[in-house]
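Let me give you the structure first, and then I'll get to my questions.
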Amino acid sequence: MATTAREGRLRSPEEYRESLRDGRRVFYRGEPVGDVAEHPVFRHAVEHASLDYAMAHDPAQRDLAVAADGYSRYFHVPRSSDDLLARSALIEAATRAGKTLVVLIKEIGSDALFSLLALQRRLGEPYASRIQAFYEGCRDGDLALCVAQTDFKGDRSKGPSQQENPDAYLRIVERRPDGIVVRGAKVHTSVSVNANEMIVLPTRAMAADDADYAVAFAVPLDTPGLTLVASPYLSTKGKSAAEFPLSAERKMVETSTLFDDVFVPAERVFLAGQHEHAGELARGFVEFHRFTAISYKLPLVDALVGAGLLAARVNGLERAGHVRDKLSWLISYAETLRALTHHAAERCRLIEGIAVPDTLLVNVAKLQFALGIHTAFQYVQDVAGGLLVTYPSPEDLEHPEYGAALERYLEAAGGASGSERLRVMNLISDLTAGEYGGYQAVLAVHAEGSIEAEKLTILSQYDRERGIGYARWLAGLENDRWPPS
Amino acid sequence: MATTAREGRLRSPEEYRESLRDGRRVFYRGEPVGDVAEHPVFRHAVEHASLDYAMAHDPAQRDLAVAADGYSRYFHVPRSSDDLLARSALIEAATRAGKTLVVLIKEIGSDALFSLLALQRRLGEPYASRIQAFYEGCRDGDLALCVAQTDFKGDRSKGPSQQENPDAYLRIVERRPDGIVVRGAKVHTSVSVNANEMIVLPTRAMAADDADYAVAFAVPLDTPGLTLVASPYLSTKGKSAAEFPLSAERKMVETSTLFDDVFVPAERVFLAGQHEHAGELARGFVEFHRFTAISYKLPLVDALVGAGLLAARVNGLERAGHVRDKLSWLISYAETLRALTHHAAERCRLIEGIAVPDTLLVNVAKLQFALGIHTAFQYVQDVAGGLLVTYPSPEDLEHPEYGAALERYLEAAGGASGSERLRVMNLISDLTAGEYGGYQAVLAVHAEGSIEAEKLTILSQYDRERGIGYARWLAGLENDRWPPS
Amino acid sequence: MATTAREGRLRSPEEYRESLRDGRRVFYRGEPVGDVAEHPVFRHAVEHASLDYAMAHDPAQRDLAVAADGYSRYFHVPRSSDDLLARSALIEAATRAGKTLVVLIKEIGSDALFSLLALQRRLGEPYASRIQAFYEGCRDGDLALCVAQTDFKGDRSKGPSQQENPDAYLRIVERRPDGIVVRGAKVHTSVSVNANEMIVLPTRAMAADDADYAVAFAVPLDTPGLTLVASPYLSTKGKSAAEFPLSAERKMVETSTLFDDVFVPAERVFLAGQHEHAGELARGFVEFHRFTAISYKLPLVDALVGAGLLAARVNGLERAGHVRDKLSWLISYAETLRALTHHAAERCRLIEGIAVPDTLLVNVAKLQFALGIHTAFQYVQDVAGGLLVTYPSPEDLEHPEYGAALERYLEAAGGASGSERLRVMNLISDLTAGEYGGYQAVLAVHAEGSIEAEKLTILSQYDRERGIGYARWLAGLENDRWPPS
Amino acid sequence: MATTAREGRLRSPEEYRESLRDGRRVFYRGEPVGDVAEHPVFRHAVEHASLDYAMAHDPAQRDLAVAADGYSRYFHVPRSSDDLLARSALIEAATRAGKTLVVLIKEIGSDALFSLLALQRRLGEPYASRIQAFYEGCRDGDLALCVAQTDFKGDRSKGPSQQENPDAYLRIVERRPDGIVVRGAKVHTSVSVNANEMIVLPTRAMAADDADYAVAFAVPLDTPGLTLVASPYLSTKGKSAAEFPLSAERKMVETSTLFDDVFVPAERVFLAGQHEHAGELARGFVEFHRFTAISYKLPLVDALVGAGLLAARVNGLERAGHVRDKLSWLISYAETLRALTHHAAERCRLIEGIAVPDTLLVNVAKLQFALGIHTAFQYVQDVAGGLLVTYPSPEDLEHPEYGAALERYLEAAGGASGSERLRVMNLISDLTAGEYGGYQAVLAVHAEGSIEAEKLTILSQYDRERGIGYARWLAGLENDRWPPS
């Protein structure tokens, strides 16, 4: 593994940061980035990612962050509901500490590892052993991982091999005795600039013609031919924590990830042409990852509820009928997501010895979350008031001439000082009415599978014949046996 | 107890029916009803209610319907999540066999009994012993029970003792050494015409001035002074099962229940003036009963999903994009309710040794159900088509001259015969577009607490200070300790 | 024409009823109906339809019901916005008098006539003259008309000529010098049992292979080979006006309409094989008819608003916050429909000299109505309360023993007597929670084009290139000319 | 008037900019602003506001922008539907040219002027003459105007004179023969930093005790004692037009506006103590202004529709079922707003000779818009895809090493180049997922009256007795006269 970590040891945040200093090729707005841990924007991403490492060394969090075997709990293969609930609790806690932004640096990678482990038996050798070795390397090295799955896709009505541009999906361009050479690109690759390893997975099921596109592997981030083009979206630049309590310091980076004839050594290749397994692997990862997703959305929905409650308080509106109506909706929205998440863990099933959360419930949870977040924003904004976009700056409240007056005018009936009320407005503005809120909204709709993908999964996972059977019995179309099956 | 049942024995449906032959005073459309088990409408209600008795004698259902102690599981006081899950499963199974209509004859009464048992310690003697004795009598006699809670209420902006009409809420008009005399009326009393005992509970919290209204007791249905005026809504008359597969035979009765100076013997009085406990008892019952409610809604939402799936199939529309969209919504709606119901049982807490489902989740579940049912109806109707209200009659399909032609025209691409398709249309029409659907819709909005009552409970049950604390931490208004509490 | 009406004279309700006494072949639940005006159910349909005739003879309504030329305004070909507004006002007034149920007996037929007139020039002779003659005959005879358009359709994924059953769509089976012979069936034919003439139109666009299915014509209802099988849905039988203020007497009939080798004389044939005009005619009718539809929905949405307001009043809830929220929604729903309807008339365009309401707005109006009616039902039910399905009967309130007590208990804070409150509950139950409400809900979703059909029309009618042009200009993809086109 | 403009002349953009160079006291982040037309952020606001002046000098726009009397059409007092439609068209055109951001610099001020003119007769002298003179001065000088209405309000459950802080609402602290002295502050004052005059209006109805708070007047922006504290929200700083096609250059400023014992000369005082007129004036302004609001929302909803259509095209998704569903919803949303806006103008009524758009419809329009915008954002984001928040920068596409590759990967099936697709993503990101979208969303919920204020107005404007009368007639509670009134 291309890291300095030693087996069985939990890395410190400093070790993690140090591990990012290699020859990786990252660009930001057309400029080479250099040391990501020192870059004015990406250092916030690195700091944020460090949370996953810091928790393991914090005595108060250690039980949650470290599994019984001494490794990071993220790498613990779940074998039961309790394992899934503990994993979910860890993800939730890390995101809560991360101020509603997921840390992801171990979450997403372990989801990919679990999906590869679940496929070991069916892939057979030499793949099974390679997967095992890679999994153990990540765990032992306590590595930071990113996953590149989504291809650019070109014309979506056509499969990979039918595209005009043969590289619209990532593909194998050369098979050598010692490995493969791949070409193409992936989009939406999260935390890649500050990961140690990149796991690459197929984005969809593949037909026989698409064999060259049925490819999965892992490479260190400084692999020759690999270029990371970071999205400029949601920069921390020029933002003060007083005014942007979330987005001034919380940062995750997505890249367009280019593979310019990248060589992957054989022991890092996990799928290379077995098109019949591509869909399985793609879906397997997504299902693990959607459970991660609904776990890490919990602090966000809690923050929306809390922000609504807090706004009602500082505005002196806790008794207003319409405010109570909106707050009860927000609570229902948040607690439904939490209940579905936990219940999906409780109703897990074992696949190849790995506990997989209930797919139907995971997708229902994800869908309910995605369909509701814009309404949640609306309700919180409604309770908060127009001050969300017309507030003065923190500097104004400290102005020697008019600051005190402004401070007093901002006081409402809720007992909060003017500055406190301004802080609350700034939080809600950041959370729902600026780039950070927009980022969360778009992620809700598209990340870890779109709304439409979730609908399809729900339909495919439901026991439709049983449902139809009951309706037929009610309609008198089945033998009138009692009770119905 | 005013029944013929013997201790420790599970009554048969016949014994249940026989037990209803007493001097009860029931009116239907202004006419005295006589033997309810023989009445053209109410006999369907009696038949439907018999399901609860039949299940206990059916070998395939016995484990579900009978507790380990040999009594009906309905009377088993829940002590754990498993007890609640078993109770929920029993209620669901009975309602499923009851073709989406709750049986209720033991469900609602045991909810009331549990709320009384939970209050024993606080009420003290002589009430505690009376409650215990009454509970054991119901259990041992395997009785059918109804609960009269909702008062007519008069002017809703005023409390009981402030009403112009002093009887707008039921009250004690005389206290005698051997018991009390009550006057007033209750509305929405379900299954009263075919119950053995009526449990009467206060409808709300009472102030000190309202002491005479803080009253709870039980009386047999043939008690002098008690008059049951049955609602004519949703008659089975003139309906064939072919055309109305649900409402031709499924029937529950609600009454306006008049207490014309009814004497209640002391040993049947459970609350008589202790106004400070009225609210507790009212809420306690409602909370148990809302869990019953979300359990018995499950076959209804399953039927809506199944009906949608079946309609899509017989109409040949399973591949249509908009149909799949609506079906996935229906599945999410149903499975969210199921998951919340089960999770509320799993997250129960013990109150006086009785397992109480999580109040917040129960109310969230009830609210989500209530808010969605009209949309569910719309989607099922959308998939089913206009034939829902323009279909020919079953007699037409058998007509010697044009029946065969009609049968063939009704065939669509789904492989169902014309008659089968008609059956499906009839089911969906009954389920969503006639009196039965309307009954279920209004119950969804109002029964076991209205939509607004659920919102208030949700707001009161949520840990608001914790929510606000997280928002304050995010806003930078708390010491920046890490992680947040 | 097969009627007794004389040219230029407005028929009386009696003349209309008399005109229905012919040899038409109508079945109800497998039984021949005989004189529809005397049939226990259909006589209500005939009475209801008579409203269109009565209005023309009522001095207070004459200006609305009769055009300047002395003919019924329904037959007046609209030439301007004002004509459309007057037509809309007439339809609204008739439906208002019809207690929210559309009368339809001239409305739908004139929609079909206008669509045929608009096609005269393109169809050429001999069709143009036939259409003109038929139109004048209907107008002069003041006839009652029905329209049979929707075919049973069989497998919806296939066109007419590809069906396994060649009669799944109505078709020409023989062309004779003096006319054509047609075979097949139509579904959802409204008011056919009490019309004088049936106009038959194609249901969709036809391909060249489907020429035999591209057929339009008119026949009197007593034409040999024509069989009307009436739907049993929504019978008036056994309903009192006190308990069912709408559905006890308001009735419209739909039939499955069978054509068993029906001969149509040449002068009544308006399209026979010109497949390229089938879609135009189908759409033309639907567009006129959707404007009729949104006009006749107005009294229904007004009734929902009024019912909500009235329920709030009799329940003493006019000041409750959540009630006001629901009432304001209901008002917005109703007034949006009214504004869109009127504005569609104002933005009409002339096609072949006929004023056609704005297609985009008509479809937007219809869609908004359809998407909202289930929510409207929910809100009205919410304000009305559970009494909707648990009310006593009118007979109970008059009972000598308990009637007066019940009457008093039913009084709330709104100043209404118990009987009045019961009337209001009965109205709302009929309107939203029984067969009548279900009928209206299903018609909302499916009649005059389904929700999905309206979405497609909206998409096709919108000037998409203009919309895209503006977005491209905003994105900086157009020459930065100012201002944008 | 504090301007250099001459009577009857339409000022040029340059004259407008020049007129802002005075001694106004404006702060931005605690720093004095100096010349607003040169300030790095506010110069964009000035440029944007100049549109209103530029249009009058553009031959292609002159007919729209200039009334028949040669003055700016904004100052033309509407006397008819046509006047209102022309005003609406002008506001729409200016906002369209302003890339969905309202210009407002004459719109809002003329709304205030109209509401003052409508009150002339009732206020009597000397107020009537002062209002007339001020109106003419604004019109003749072609002035830029802002309106300060909303007070900070303190404890919202209390009226102005009951507040702990007597300045929570702006008030008269001294009455002098030559004028009044006012103290207090206003919040949410739009375009104040770049206006010539500020019109100050009361925010609500006032009781007799609140007489000192019943105050309306106008002052030039450089009046001593007046301090404008600009909100830092939505800065243009550091944004390129390529990446932020809207918010890089479009800018409106809101201020907290402090009145530190400001002297207002008598001839500029329009209300000073006549508390009974305060509510009327407050509501009158709001009603005119909501019509302005729904007019200027039209380019925004058009942009959302256009963005959805364009995204579907560049992503190659125009035929996807779920995409078409969302697009048809967007179109309905936009066209409903447009129809309601135009119809409100057509249904205007004359008040004191001034044409006032239909209040009910204006509020319905505003409410429908406000309730739907978050859903509109969701749908556009759904069609656009996750690239919205993960896109590369424009600089990346021009990078000599990887730019061409990236450009090609970004190509989809819609025929757009990679750069074009990126532009579209940038537009949609700016429009819905960043500060600009958040600004528009919060304005939708709160500006020109909140969602709740609109609901109250709708309820108060509807003819409730007529609605109840119809429901009573349907329920059989009115004499059965026909037809219903």
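The chains carry the letters A, B, C and D, assigned in the order they are written, with residues numbered from 1 in each.
We adopt the following convention: a residue touches a chain if its C-beta (ideal position, glycine included) is under 8 Å from a C-beta of that chain, and two chains touch if they have at least 3 such contacts.
Just so it is clear, the structure is predicted and the values come from calculations on it, not from any experiment.
*Asks:* Once subunit A is fitted to subunit C on CA atoms, what angle does the rotation have, in steps of 5 degrees?
*Replies:* My answer is 180 degrees for the C-alpha fit.
*Asks:* Across the interfaces A-D and C-D, which one involves more C-beta pairs in contact?
*Replies:* Contact tally favours A-D.
*Asks:* Any idea how many Å lie between the Cα centroids of subunit A and subunit C?
*Replies:* Here subunit A and subunit C have centroids separated by 51 Å.
*Asks:* Cα centroid separation between subunit C and subunit D, in whole Å?
*Replies:* For subunit C versus subunit D, the centre distance works out to 42 Å.
*Asks:* Pull out every residue in subunit A that's touching 2 or more other chains.
*Replies:* Each of 322, 325 in subunit A touches at least two other chains.
*Asks:* Taking chains as nodes and touches as edges, what kind of graph is this: line, ring, star, complete or other?
*Replies:* complete
*Asks:* Give the list of subunit B residues in touch with subunit C in this complex.
*Replies:* Residue list for subunit B touching subunit C: 27-31, 150, 152-158, 165, 167-168, 185, 187-188, 227, 229-234, 237-238, 243, 254-256, 258, 260, 315-317, 319, 322, 373-375, 377-378, 381-382, 385-393, 395-396, 398-399, 401-402, 405-406, 408-413, 429, 432-435, 437-439, 441-443, 445-447, 450-452.
*Asks:* Help me check something: in the complex, which residues belonging to subunit C touch subunit D?
*Replies:* Going through subunit C, the ones touching subunit D are 55, 58, 60-61, 93, 96-97, 99-100, 241-242, 245-246, 299, 302-303, 305-307, 309-310, 313, 324-325, 327-329, 331-332, 335-336, 339-340, 342-344, 346, 360-361, 364, 367-368, 420, 423-424, 426-427, 431, 455-456, 458-459, 462, 464, 467-472, 474-477, 482-484.
*Asks:* For a test of understanding, state which residues of subunit A touch subunit C in their complex under the given definition.
*Replies:* Those in contact with subunit C are residues 320-322, 325.
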